[in-house]
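Just below sit the structures, each encoded as C-alpha cells.
One chain, chain A, links the two complexes that follow: it is found with chain B in the first and with chain C in the second.
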Partner chain A sequence: MVPTLAYTVFRAIIDGLLEGSLYALMGFGLTIVFRVTRVANFAHAEYVTYGAYAAYVAMVAWGLGLVPAAIVAALVVAGVALASDELVFKPLWRRGSTPLHFLVASIGVGLVLRFSLQAVAASVPGYLNIRLPEFPSTLAIIGGKVAINVVHALAPLLALGTTAALHVLFTRTKLGKAMRATASNPTLARISGINVIMVRRVTWIIGGLLAGLSGFIISYYIQANPEVGWNFLLWMFAAAIAGGFTFYGTIIAGIILGVVGQVAIILAGYYLGVTTAYKPAIALVIMVLVLLFRPEGIIRIQSLGLRRRA
Partner chain B sequence: MALAKEAIVLAIIGIIIGAVVGSVAFPRTTVSTTTVTTTVGGGATATVTTTVTTTAPGAAGGLQGEIPIGLAIAVSGGYAVDGPKRLKGAILAIEEFNQYLESVGAPFRFTYLHEDTGARAETAVAAFNRLVSAGVQVVVGPLATSETAAVMPIANEKHIVVISPSSTGIAAAYPNDYVFRMPPPDTAQGVALASLIYGMGYTKVAVIARDDDYGRGLAQLFQQEFEKLGGTAELLLYQINQPDYAAEVNQLSTIVSNFGADQQTAVLIIAFDTDGANILGHAAKDPVLRQVRWFGPDSMKRATFLPPEAPEEVGQFLVDVQFTGTIASIARNPITDHFEQAYKQRWGIDPTPYAYYAYDAAWIAMLSIVAAGKYDGAAVKEILPTIASHFIGATGHKLLNENGDAAFADYEIWQVVKTAEGYQFKSIGVWHFSTQQVEWFEES
Partner chain C sequence: MVDALSLLMDPLFIDIMIIFGIYLILSLSFNIEYGFTGIPNLGKVLFYAVGAYVAGGLAGWIALRLAAFTPQQHLGGPLYCAYGAPQTITEVFKTNPAFALGVFLLSMVIGAAFGAVLGILASYPALRLREDFLAITLLAFSEIGRLITRTEEWPVCAHYGIRGLSTPFAWLGEYSLTVYMFLVLGIAALMYMLAEKLVNSPWGRALKAVRDDELAAEVYGKNPARVRAQAMAVGSAMAAVAGTLYAFYLGSVMPDDFMPIVTFLAIAMVMLGGTANNRGVVVGVAVLVLVDRLFNASVLERKFGIPLPDYLSNSIAYLKYVVIGLVIVLILMFGPQGLIPEKPLKTPIVEETKKKLKESVEGGEG
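Up next is the complex of A and B:
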C-alpha cells in the first residue's frame, strides 16, 4: 500500500510543475524585456492580471471558447505592453534614463494599470473576482487520492511549446539574432545596422504575449482578481534572478522553483510542523543566495549547449 | 496715569479672555423634542414612532454644519465583493438620518468619508490615520478583526470611536476601549460550531483557517471547545494574500486522509472571498476532500462561493459535501423589513448579512453623536453603550457586553442546497445562545 505521504509529495510535484511553468512563462517575459531594453519591469505583474481579465471578457462577454480566449488574452496584453513602452519607457530611454529610472517608472506604470483595472472591475458586478466559466476537467485520478486535471498538462506544455518556438526564433531567424545582438550590445547592434526600435517593439510584444498567456492559465486554474499578478511578482522575479536573467535559465529556474517550493513546504510541514506561510520565504532565500554566490544565475547555460552571447 | 492706562488695558483683555473661556466651557443650549415617524413594510405594514430629544448647543459650538462619519470599510482584498455591499448599508443609514434631520430643520447634516482599508492590518491603519487627519471623531468600520485590532491603539490614544459592523474575533475584545462591535464575538460562534459539528456525529475535524486574528482566533476557539466535547481537531493555518493555495489544500487532504476520511471526519474552513474561492476550487477536484462533510462560519456564507459567481463545479461540490455553517442570526423586526426594502430600492440589490450590521452601526454612531450634543469622540464613547442598549435596529437589540461587543446572539445554521432557482444558502436550524442547543427546522 502506498503511504499517504507519497501521494502528497506526488501531488506537490505535479502542482509544482504547473506553478513552475507559470513562473517560467512570467519570468521569461521579464527576462526578455530586461535583456533587450534594460527595464526591470514591475508592471509585468499587471500584464498578467490583464491577461486573466481579457480571457474572462472574451469568454463571458463575447462568448468565445477557451482557445480564442487565450489568443485574445495574449494579443490584448501584447498591446498593453507595447503601449507601456511607447508611452513611458521609450521616451525615458531617449532621454538617457538609467535602469534605476526604468525600474521606478515601471512601478508607476504597474500602479496605474492595477488601480485602473480595480476601478473598472469594482464598477461592474461580478468582475472583482473572476474565473473562466469552463472548469478544468479531470484527466486522471491516481490511487483515488490525486486528481490530475487539464491545467496540470496545459501549463507545462504551453511553457515547453513557447520555449521551443522562441528557440527557433532566436536561433533560426534574423529577427531573433537581431534581438540577441541587441540584448548583448545595443550600441554595436545599432552600428551594425539593426533596427533596434523594431527589435524593441517585438521584444515588448513577446513579453506581453507571454504575460497574457500566463494570465489566461491563471484565470483557468484559480479565481483571479485585480491583484493576482501582483501576488505572483516575487516568484516571477525569483525565476528571472535564479536564471541569471538568461532566456533558458529563467525557464528552467522557474520550473525548479515551482517544484521545490511545493515539495519543500509540504515536507517541512510534514516533518517539522512548518506552516505554508513560509513558502514565499523559499523564493526569497533562493534569490538572496543566488545574488550572493552566483549572480550570473544558477543554471550553467554553457553546459546546456546554449552559450550566451556576451 | 500710565499705570491706570495699563490696568484698563489688562482689564479689557481679561474680560475678553473670560468671555471666550466661559462661552466654550458653558455653551448656551436649547432642548427640543422631535417625533420621527417611519413607515416600515414587509409582510405587514407598521408605523414606528421614535421620539428623539436633542440638545442643540448654542452658537459657540455643538452640532452645526456638516458632521463627518468615517467609513473605514474595505472594498478590496478579501472584501472586494462583500465590502461594497456593507458600505452601501452604512451609506443608506446616513442618507436616511439626514432626511430626518432635514424634516425637523436641524442645523447640521451627517456626511461620510470613505477609506478603503484593504482587508489588511497595515492598510487599515493607513486608512484610519487618513480619517483621523481629516478630523473624523467617529468611524464605522473596519470590517475584519485584524484591521479592527490594528486601529484600536490609535483609536484609544486619539479618542476616536470605532464601531465595527463585522469584526467578531477575540483579538479585538477589550473592555473600556474606544472600539465597539455590532455582531457577537466568536466566543459564542466557536461554541456554536463545536456543538453543531460534534452533535452531528463528527469526532475528527481538519480545520483550514486564515492565519489572521479572525481565522486563527476562531479556529483555536473551535479546537478548544471541540476537544472539550471529546473530539479531535487539527489546525492548518495559512498565510493570507498568497496567489494560490494548492499546497494548503494538499496538506488538508493529507490530514483528512490520516483521519481516515470516514463518516466521523469533517472539514471546517474559515476563509474570506478570495482565499476561500481558491481553496474551494482546488478542493472540488480533490477525491479525498469530496468524501467528507464540510462546515464553515459566518464568513463562508457569501454569494462568492456559489454559482453564478463561482463555477458550477464548485457549487455542486458544496452541495455534495453538504456544506453547512453558522452565522449570527438576525432578530427580525419591522426595522429589518424596512432596511431590506430601502436597501433594495436604493441600490437595486439585496443586502448581504453584514450589510445589516453596517446599517445599524451607522445609526448608532449618529444617534450617539446627537445624544452627546457635540462631535467629540470621548463624549460619544461614554454615551454609546446607553444608546445601543435602547436601540433596536435591522439586526435586533444591540445590548453590548463589557467589551463593547453585542452581548448575545443565536446562530442561524445554513446549508448549501440546489433548487430550481439555483444554488442557495438554506436556513436549516438555529443554535440557541440561552440553551446552547441546536433546534432543527427539518431533517437535514
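Up next is the complex of A and C:
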C-alpha cells in the first residue's frame, strides 16, 4: 500500500515538470532577447497571453484543429514580438538608451499589450476567461490516482525538442553562431561583418515563437485570462536569473524551478501547514536570493563545445 | 460664489484633488529615488502599502479599545477583523474628534517611521545589483509583501482587508471630505517644499553625484551605500505618508489595492513630467490623475452626460492603462527628459559667483 503522500508528491512532480517546461520555454525567450539586445523584457509575459488568445481565436472563430492553432499562436506572437522591437526597442537602442530605459519601456509595452487585450476581452462576450474547446485526453492513470494527460507529455517534449533544435541552431549554423557572437560582444560581432540587425530580428522571432507555444499550452491545460502571462512573469525571470541568463542554464533552471516549486509547496503544506497561496513566493525568494548572493546564476552552462572545434 | 462652493462639495472634484495630492507625494518620493539617486524602485507600492496598513491597524485597534468592543463572533486574526468591527470603528470616528485627529497624526508618524526602516532594509540589494536587476528585485519584494497581506489574517485580515476607517474629520458630517481635501493638499504642498529643499541641499547634490558617477562621488568623500540608503529611507517614508492619507480617504485597506500597477502609474507620472525635476512631477501627476479619474464610464455618462457605446463603457477602465503604457513608451522614445527637463540645482555659492562675475564684467566695461 503506497501512502497518499507519495501519490501527492508524484503528482506534484508530474505537474512540476509541466510547469517547469513552460518556465523553461518562457525563460529561454527572455534570456535570448536579454543576451542579444540587453532588454529585460517585462512584455514577454504579455506575449504568452497573446499566444493563449491567438490559439483560442484560431480554434473557436476559425475552426482550426489543435496543431494549426498552436502554429497560429506561435506565428502571431512572433509577429507581436518582432513588432514591439521594430517599433520601440530598436529605435531606443539606436538613440543609445541604457538597459534601465529598455526595462521601463518594456513595462510600458507590456501595459499597452495587456490592457488593450483586456479592453477587447471585456467587450466581447466569453473572452474574459478562455479555454481551448478541445480538452487534453488522459494518457494513463497511475495507481488509480494520478492522471497523466497529453499536456503532461506535450510540454516536456516540446521543451526538449526546442532545446535540441536550438542546440543545432547555435552550434551548427552560421546564423546561430552569429547570434552567440552578438550576444557576447555586439561591437565585435558588427566589426566581423555580422548583420546584427538581422540577428536581432531572428532573436525576437525565436523568443516570440516560444512564448506563443507556451501560451498555447497554458490555454490547452488550464484556463487563461488576459492576466495569465503577467502571473508567470516573475517565474520566468526567476528561471532566467537562476540560469544566469545562459541558454541551457535557463532551460534546466526552469524545469528544476517548476518541480521544486510544486513539491516544496506540497511538503510545506503537509508538514508546516503553509497554504498553497504562498507558491509564487518560492520563485520570488529563489530569485531574490540568487540575485543577492550569486548574481551570476546557479546553473551556468555557457560553452557549447565550440572551442574544441575552433 | 455659489459655484465655487458647490465645486468644493462636488464628490468628483474632491476625489480628483485628493488623489492628486496622494499621487503627488508618491511620485515625488519616486523622483527622489529614481530621478535624483538612480534607484529604480519598482517596489514603490510596498512602502505605500506599509503606510496604509499602519493607519488601518492603528485606527482599528485604538477605536475598538475606546468603544470597548467585544465581537459576537471572532474567527481569528486581530480584533479589527472581527464581524461587526468596521461599523464600530466608523462610529468612533464619527463621535470622537480627539480620537480621529489623534490617530491620524499618530499613524502618519508611525507609518513614516516604518516606511523609513523598511526602505533602509530594502536598500541593501541596491548596493550590489545592476540597475535592471535591482528593479526586478524590488518588484519581487513588493509582490512578496502583497502575497503576505493577501494570505495572513494576522495582522492584516488577509483578503478581507481592514475596513471601517474614515477621514479624520468624519465628525464634521457632510463637510468632512472637503476639509480632508484641504488637509491632503496642504500635506502634499509641505512634501513638495520638503523635496525641493532636500534636493537643493548638499545632500541633494550628493544624490546626483552618486547617480551620475559613483566612483567620483566616493573620491569626494561620499559613501554611495549610505547615500542610497538615505534616499530610500526618505523616499519610503514619504510613500508611507501617501499610503496613510489613502487609507483614511478610502476607508479600507485591501491587499489588491497595492498591485504593481500603482508603481507603474507613479513611474509614468514622473517620466511624463520630467525625471529629476519636482516641478515637472506636479505637471505629470496632474495630467495622469485626470486620465486616471476621467477614464471611467460612470463619471463620463452620469457626470458629464457623454453617452458611451457599449463596447467603450465596458473597456474604458482598461483603456486608461493603455494610455499610461503609451505615455511611458512615447516619452522614452521622443523626449526622455519629460515635459520639463532636469535643471541644474540651485546652489547658493554658484548663484553668488555668477552675480559677482557679472558685476566684475560690468565693472570692467564701465
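Assorted remarks:
Methods note: the second predicted complex is superposed on the first by the 300 of 310 C-alpha atoms of A that agree within 3 Å, B and C clash if a C-alpha of one lies under 4 Å from a C-alpha of the other, contacts with A are read in each partner's own complex, and residues count from 1 in each chain.
In the analysis below, a contact is a pair of C-beta atoms (placed from the backbone, for glycine too) under 8 Å apart; a residue touches a chain by one contact, two chains touch by 3 or more.
Here the structure is a predicted model, which means the values were calculated and not measured.
Clashing of chain B with chain C is the outcome of superposition onto chain A. By the touch criterion stated above, A:Phe237 is placed in contact with chain C alone, chain B being left untouched. When the shared chain is aligned, chain B and chain C each come close enough to touch A:Ala277. In the superposition on chain A, A:Gln118 contacts both chain B and chain C. Of the two partner chains placed around the shared chain by superposition, chain C is the only one that A:Ser97 touches, whereas chain B remains out of contact. In the superposed model, A:Gln223 lies in contact with chain B only, and not with chain C. Using the contact criterion defined above for the overlaid structures, shared-chain residue A:Val285 touches chain C, although it does not reach chain B. Of the two partner chains, chain B is the only one that A:Asn149 touches; chain C does not reach it. None of the stretches 132-140, 366-374 or 402-410 of chain B clash with chain C in the superposition except 132-140. The interface of chain A with chain B overlaps its interface with chain C at residues 118, 122, 275, 277, 280. By the touch rule above, chain A contacts chain C in their complex via residues 40, 88, 91-92, 95, 97-105, 107-116, 118-120, 122-123, 234, 237, 241, 275, 277-278, 280-281, 284-285, 287-288, 291-292, 295. Per the touch definition, chain A reaches chain B in the complex via residues 4-5, 7-8, 11-12, 15, 18-19, 118, 122, 126, 128-129, 131, 133, 135-136, 138, 141, 144-147, 149, 221-223, 225-228, 231-232, 235, 261-262, 265-266, 269-270, 275-277, 279-280. On chain B, the positions that touch chain A within their shared complex are 75-77, 80-81, 84, 211, 236-239, 241-248, 250-251, 253-254, 257-258, 273-274, 277-278, 281-282, 284-288, 304, 308-314. By the touch rule above, chain C contacts chain A in their complex via residues 40, 124-125, 128-133, 135-137, 139-141, 143-144, 147, 150-151, 264, 267-268, 271, 310-312, 314-316, 318-319, 321-322, 324-329, 332-333, 336.
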